[in-house]
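Below: a set of structures, written as structure tokens.
Paired with subunit B in one complex and with subunit C in the other, subunit A is shared by the two complexes that follow.
After this line comes the complex of A and B, so read on.
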């Protein structure tokens, strides 16, 4: 039996939410952009009016302004978006428990078993859209199909506020004509490679011999072929299923370029603090520390090193990161973005194996940092700070606190 | 050089010296075996960490020397029929290998550039039975650390003191110690050396479990094992080894006496549900009233084992990595052992009921 999968995409999500909070904006071109002064100044989302002017997500604020002189630029407000995302999810939960988030504003819903109660997929999709608009004041595009890939394609086909049904009967005429690049997982590089072998539409991909694709793309070639033919069978993962976390990382583009070891030291501690806190929140410990350095000219390097034991304390992560940094950066260029990631993680209750070299100080550091977590959860992130960050020169803002970008 | 040698003898020699030939090197000559013919043939492998020389009886028609790629030479000889093999060096270091109806001509390398083994004076050595040394290595090698953060622990301590040889391995989570004392089978001056784990592995493979003696000499940072027709040299690890006596607790809160094989079988069965080595599931020991209850719970299933034990002291609830117990119990020949526990976060030590021939210390898993 065919599954019935919905893909729901909230239209112009950030901009819609901002317009909801400030109805005056509704009839102006609006773009939600990062702060230019901290050099995050790109367009994150825009409303329909701004879109008509040709404003694109991802372009710099000045580019957008030159296309659309009257553009109203709004700073993002992640807590609002998270709240809305949760509320939308609550609506979905009325229809199924099989909900898989794809970013903050997109979700797959498997409603196969719910059709007995709520009617056909199309009917559920229409009802969802109506409820989201009525209850939350924003709109959604919903694709209805028999697999996740086609459902996602469907939600992209008609915007805003529309339902598109792609059925086993009509999928050939509906989507085979679309460019291959529209299909999820076909990025710019895959698209180029497909073009090189004369494939430009989804239909051409579907009709290509899978062996031929395999020769060019390996296993992935066959997978793409299956996607294009609607043979995708990946399940919509249940909402209470948490995929195993492979690592925890944070990176930050700073308001000004980093130009000395002291700047790096401050930022390293900021990032390590955030990474360590998140490791502890997920009850993880990691053993490999990776650093990511992007210089002023936007080239980047990544280096990694191994800790002698699994850990989740910021001091140890920061010390290791600084050690790796010292060995891999010669300061021939200034630094624009710095990142720290801890991988090779295990659950922290699994590394209870005692060692002859366990020292008391390590245990005390762990206790200290979890006490700090508790203080911060009551009194706010900045209630306790490392002394080194007090002279932060504008570098010591926590990446998570400032953006709440983690979902 | 021109020699005739039986395939069997030749292969025995190759198998031994190949253990010291590097597989990954920038120097092609180190991937070779040096063959020198005088009265017998001497084969040498040397990866600059470990060196092995092995003598093989042969009919020497013309003395000389050559270096042959170890893999190529070994693979050829291994596949030759069981008969006499003729090896002859021609001009330009090309080498003929002939045996019955097979004839190879392969490229050799001039022996001039082959690094010689470090010279170690055969003075003030330690003499010990091959069988005992092999056993002692096997009984301790598994606890050698593989963590490069503490290089000294990637080797075993080799301590010789007034007729008593002690080998100790420690990897940070456990310790394995074996002693051997006998004036008849071992003699020499007092020494304390740290031998790389790799060296011990290879020497344990080479020596036969027979009642012959092996002589051990050391000078500077090098060690030499003399096995009669074969010698092996190796670099030693430099630095101070841990004070192992200080690690083994002298007091205990709980003591049990159990049958070694039965306990091993319990652990081996308990380990069957621990299918995922990545996630370190503990095996729990619940010790009370002359009974040890061993349990393991994993996502794959649960297991519960009971074993009778003579018990002294307090009740105890403690968890371990099953592998550490299994590896220690497997190499203990004694029928019964004593196990001493301190607390459930302190080390436990497996010892013989009498004497001090061995001690296996294992740290628990904190709950």
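After this line comes the complex of A and C, so read on.
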């Protein structure tokens, strides 16, 4: 028996929520953009009218304004989007527990079993769309198919507020003529490589010999061939499935470029503080510290190093990060974004190798930082700070706190 | 249509429901809600808000009252 998979995509999600809350915006071109003053000024989402002017997600605000002079720019309200996302999910939960999120505004739903209760996949999709619009005032496009890849393609085919069914009977006629790049997991690089071997549509990909694809793309070639033929059998992850955390990281694009070791030191402590606090909150310890450096010309490098033991204290993470930084950056360019990530994580109650010499010092550091967590939870993040951050020159804002205050 | 937040006096029932009893308008006038005839989650496109929508009968006329998170609002014609 074929599965019945839906893929639901909330149309122009951030912009739709903003237009819903402010009726005056509904007939204007609207773009939701990050703050220009903190150099996060790119288009995160745009409404249909702005799209008609050629405004694209990811471009800078000034570029969008040059395409569309009357563009209304609004700041994002992440808490509101999260609330909407959760309410949409509540609607899905009325139909199935097999829901897999793909970002904040897209979900796959396996409704194979639910059709006995609620009718065909198409009927469920239509009902979902009506409920989302009636209860939340925004629209969704839903693709209905027998696998996740085609369901996702379906939701992209007709927008806004539409259901597209791609069945085993009609998939060749409906999607084989589409460009290969329309298929999920075929990015610009794969699309170029496919074009180099004369494959430009999904149909051509499906009809190519799998061995030929394997020769050019390795194992991935066969996987793409299976996707194009509708043989994808990846399950929709269960609602209650909690994937293990593989790492905890934070990065920050600063209001001005970092131009010296002192700037990097300040930001490293800010990021390490935030990462360590989150590790402790999740009862995790990590052993590998990775840093991410993006320069003013937007090129980036990633480097990593190993700690001698698992830890979740900011001082140790920061010291390691600074050590990796010193070995990897020659200051030929200024830095626009810095990130720290701790991977190779275990639960903090797991047994670990003890050290004969510095365990007491480590224990004291851990106790000190747990106390700081408690003080911050009672009196706010900025109630206790490292002295180094007091001369932060606009660099010492906590990424977590500042994102929250943007909301 | 405008979204107008209002004060509401409500009853909290034993089974956890909230039943609005009196709406206090911006100018201080109070309106008794005679009956709540429907409760469902709904959006107000006119006012730009969503939440639990109560269809209320006040002096023989039907009006909608929304509870959005922890605030009550109506869509006013002003």
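To be clear about the criterion, the second predicted complex is superposed on the first by the 390 of 407 C-alpha atoms of A that agree within 3 Å, B and C clash if a C-alpha of one lies under 4 Å from a C-alpha of the other, contacts with A are read in each partner's own complex, and residues count from 1 in each chain.
Assume a contact is a pair of C-beta atoms (placed from the backbone, for glycine too) under 8 Å apart; a residue touches a chain by one contact, two chains touch by 3 or more.
In this text the structure is predicted, and so the values were computed from the model without any measurement.
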Which partner does A:356 reach: the first (subunit B), the second (subunit C), both, or neither? first
Mind working out whether A:60 is in touch with subunit B, subunit C, both or neither, as first, second, both or neither? neither
Answer with first, second, both or neither: which of subunit B and subunit C does A:384 touch in the superposed model? neither
Give one of first, second, both or neither to describe whether A:259 is in contact with subunit B, with subunit C, with both, or with none. neither
Is A:195 contacted by the first partner subunit B, the second partner subunit C, both or neither? neither
Touching partner for A:326 - first (subunit B), second (subunit C), both, neither: neither
Looking at A:137, would you say it contacts subunit B, subunit C, both, or neither? Reply first, second, both or neither. second
Please work out whether A:21 is in contact with subunit B alone, subunit C alone, both, or neither, and reply first, second, both or neither. second
With the touch criterion stated at the top, can you tell me which subunit A residues are shared between the subunit B interface and the subunit C interface? none
Residues on subunit A engaged by subunit B in the complex (per definition of touch): 308, 346-347, 350-357
Parts of subunit C lying in touch with subunit A, wherever the complex brings them together: 1, 40-50, 69
Quick one: which bits of subunit A touch subunit C in the complex? Just the residue numbers, please. 20-23, 83, 133-137
Contact footprint of subunit A on subunit B as seen in their complex: 147, 149-150, 170, 172-173, 175, 242, 247, 278-282, 319, 321, 345, 363-367
